[in-house]
Amino acid sequence: MGTELKIVAFCCEHSGSLAARMACAGESETSAGTEIVSVPCSGSVQAADILKAFRSGADGVVIVGCHDGSCKHLVGNRRVQRRVEHLAGTLKEIGWNPERVAFFPVSAVEGQLFRDRLAEVVDRLRGLEAGR
Amino acid sequence: MNDISGLQRVLDAGAFAVTGELGPPKGSDVEVVRRKAAHLKEAVDAVNVTDNQTAVVRMSSIATCAILREMAIEPVMQMVCRDRNRIALQSDLLGAYGLGIRNVLCLSGDHQRFGNHPQAKNVFDLDSIQLIQTIKTMRDESKFLSGDELEGSPRMFIGAAASPFSDPFEFRVRRLAKKVAAGAQFIQTQCIYDLTKFRTWMTMVRDLGLDEKTHILAGITPLKSVGMARYMKNNVAGVDVPDELIERLKAAGKKDAAEEGIAIAVETIQEMKSIDGVHGVHVMAIEWEERVPEIVERAGLLPRKRVGTEVVAGSQKNG
Amino acid sequence: MIVAERKPITEIREMVEPHESVLIVGCGACVTVCMAGGEKEAELLCSILVLAFKDTGKQFTWDCVERQCEPEFVEPLADKIQANDAVLSMACGAGVQTVVAQFPSIPVYPALNTQFVGRPLEQGLWAETCAGCGNCILHKTGGICPIARCSKSLLNGPCGGSVNGRCEVDPENVECGWQLIYDRLEQAGTLYLLDEIMPPKDWSTSAHGGVRRVIREDVRL
Amino acid sequence: MGHARNRESDGTIKKTSMSRRVLVVGGGVAGIEMALALAELRCDTTLVEQGTSLGGNAGALCSLYGFEQTPEELIGKKVATMRTNPGIRVLFEAAVRDVKGDVGNLHVRIEACGKVHESDFGAIVVATGFDLATGSPVTSGEPTAISCSELERRLAQLRAGNGRGRSNALSVPRNVCFVVEDSGVDSAVHAASALKNALAVQKLPKRNVFLCCQNVNVAGEGLEALYREARASGVVIFKFDGDKPQVAAADRGFNVTVRDASVAANDRCNGLMDLHCDLLVLPERIVPGPHTPYLQKLLRVDVDSSDYFQQNNVWLRPTASNRKGIFFVGGCRGSFDVCDILTEARATALEVYTWIGRDEIPVSVGKVRVDPAKCAVCLTCLRSCPHDAVEIVFDGDIGGKTAHIVESACHACGICVAECPAKAIQMVAADDLQKGMAIKGERRQVEQWVQN
């Protein structure tokens, strides 16, 4: 394992944040190096927020929202996925790997899923780091 | 040099006209023109020369027409509005007349998106109807579009195109009426495969009395294969190939599909002869000019007679 | 309104490459509404360029003015602009040139491609609806402009490329303008308007007539 | 319309008046029950019905699974009670044309028999029901299969004519076969309908009834008993798996070939059964009501992937929508049987009563703020707000129009903040607290989000 990667996770307070809390309850190492930022809805995360995270040194940014059809604000998770896709394209344009930003859905009780998906992202980013 | 168009003489004499089509080469090889033209020479009354069709750059229509004149073939010069403004159109028209070209077919022109220079800036200063009107004014009133007097007016036989099966269907005949009112003396239609629908359209044409004001030449394009039939049906706007024709080509098998296509073209021409108001056919055998004499012959339209070659210069008869 | 779109980052990158400090200037008018160059986009582009030129020491900052096509709105930025090596304007072409006119010694680059005068068909989809020909004929064509909405700007009805209400140039995305005109006039019972031949258009009032100006003597100071 | 502007961001609770009137949209069994329950709770209720009579889908049936009474009796009784209740106003041939206004005071324009009625309502209950779509015919030409509704009509006629006469015997002939394919979420309702009707036909003299089904969903209360009763009274039930029964038109009827899975498994044979029937019955598909898209747009609510209201989103309690004061009951949310709908309507009535019984609506003030000086009035927020909490108003300070957050409707989700191209909308709480809150065992401030 190389140097620790810094991940910023913008989490919907109705799903991602609670799942994250669950994931962290057992062991704190899993998410070491992961900054969890709770937001009122994944749809409130702007491209600018994600870029700010990168500017302050994040290696990867994940947005964690509700499953499709379960957004408390109906469309927030769908909106942010569009935004993430678009931003990934822009990152590609500046020569970054678009996989540095990703969206994944969890429900409030899926702590394990949160951990697994986050681990996948970290693994992918490790691969990228090696290639850089 | 005759002052009157040979094609006009054929049509005005009431004969069933046959015209052919020639696509100029994508280069300066004049032999290509001569070879294609030689196939058509004895089979048709006039040869239509395309003007950078589908917006692919080719030898200019005006120059190719001049080459046909050298071969004693009556040319029909196509003029599209896509590439020239009113200054160039009028200028080229005068030049064409000076070179002995007597027939002009006015078209809007395919959009450059379909061609080999999609980055080009299009012009469309005039549309086809305005071009017809402009040429008519030059001929009949001896005036430019600007109102300035001409020194010698071009006695052009003016043609236009009609796409009977494009949309809105009900407007197609009205648009034809506009072209006729603007001065179109002959009309070449888009390729016809659906005879039932074409008959309906011709009824609408006759109802407006347009068949008496203009000469309608039905477009005939022999199908070479099932693939071509499908392509025409699905990709060419305003062309509808009925399924039973596609079935006929399929039934003929891969080897004989081309022959079946020729047979269909022959039958279609024969049908056309029986439709009231159709004054001829325009055979567009795309890269298949060598088969035109056979088609025309089998349709019972050979030999072509040269009508009134000794018409005195100055005797004018405009439709 | 004027509809614009941001240039590809690679192109913007090449433009600003030679400069050490660049001020990105957004515009609060049309390009904010069409989401190409408002405050949000200016901030975003700034962040993207910071990341793109990470560890090069280049400085990127951003600001936004009310309407970049008016010198009075640009003026307050004078100090900021002068303190930078170059300006990256996120306004339409008119806005870019206002900044250019005001700051002769500073290179000003366009970050947007100005597209057309149009309107939103839905959120995130804009379409050209006016060609700015300087001689409006909408009253004759059922309120639908054949110059902007027919691919060939025909004035006397649809060409043969009109099928099922779509334009053959791009059937998936573009409606046949003439079909729209036809339907509209048919509904109004004024189809006879189409029987009249519309004469060649006087294009001298359009961009083809040379650089245009509008002068209102009564409001001049 | 004046707007109280709260510039303070103190998270206080704002007092808003509340209209005590309730609007019920749709005069089917859900709407009727809703109106009755509300009237019992002494709520002033208006019911709008698009047609000229009440009863909806259930009213067209000839029997109701789970009820002794016929629908006619059941609904007739309820309608009679409604008539005598002065608290209920019914508008026929009516449609909701416009919904405006604030939470607690939704201003609704109703068109009924050409007349326009405008009132403020504290709550709107949508009970527009589902629709029945007849499937495409299994065989071309004659004879054709009939739907369950058609069968019910014929059974009703039979009952009216005491089951005698030649035409009656023809309308429900001797051998009747039902084919019920698995229909996912609607299967319980389909199974109830098929079992109920199969039993009804079986009870007629000298009838043979076959029921071919993919999955008898007996999940509903009493369905298991119904299934047993049908079997016991002589209905022959075949259960097929993947292979759909083959239906072919035959001499005055149909030949149905069905592969019974259990027969195939037990007897080690192919399990193929050939049946002949005189009449083939196929249940209709249940689909969202025809007005769903219209109401969705008008009320600015979401529909699920199968185009019903409310279903599947865990955040929407069964009948309370994301818009405060707007509720959905009955078939407009999916396929439910009449028992469930009546229970649901009663429960929702209580919820509505509680809602309009408030003197004040808790509204956190100033969570989301628009800077009118920055607002380009581009309408992006208006279009993208999922809660219809944005309006365009005149702002005296800037002397022009600006977007304005309707605080009572706002859920502070921050979507408009993210969408605004002029950065004119700020989440006050987010800037100060929320976005800076990190959870990871302990809560701590992440400075960089607030800075820059």
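Order of writing sets the chain letters: A, B, C and D. Residues in each chain are counted from 1.
Here, a contact is a pair of C-beta atoms (placed from the backbone, for glycine too) under 8 Å apart; a residue touches a chain by one contact, two chains touch by 3 or more.
As the structure is a prediction and not an experimental result, all values here were calculated from the model.
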Centre-most chain, if every chain is reduced to its averaged C-alpha atoms: C
Selected pair, greater C-beta contact count between A-C and A-D: A-D
Distance from chain D to chain B - Cα centre to Cα centre, in angstrom: 62
Where chain A and chain C are represented by their mean Cα positions, the distance between them in whole Å: 36
Distance between the centres, which are taken as Cα means, of chain B and chain A, whole angstrom: 64
Where chain D touches two or more other chains, by residue: 384
Multi-partner residues of chain A (each touching 2 or more other chains): 46, 52, 55
Chain pairs in mutual contact under the definition given at the outset: A-C, A-D, B-C, C-D
Touching residues on chain C, where the partner in the complex is chain A: 8-10, 13, 40, 43-44, 47-48, 50-52
Residue numbers on chain D that touch chain C, as the complex places them: 374, 376, 378, 380, 383-384, 420-424
Complex contact set, residues of chain B against chain C: 81-82, 86, 108-111, 113-114, 122, 124-130, 133-134, 145, 161, 163, 166-168, 171, 174-175, 177-178, 181-182, 190, 237-238
Residue numbers on chain A that touch chain C, as the complex places them: 46-48, 51-52, 54-55, 90-91, 93-96
Complex contact set, residues of chain C against chain D: 28-29, 32-33, 35, 38-41, 43, 123
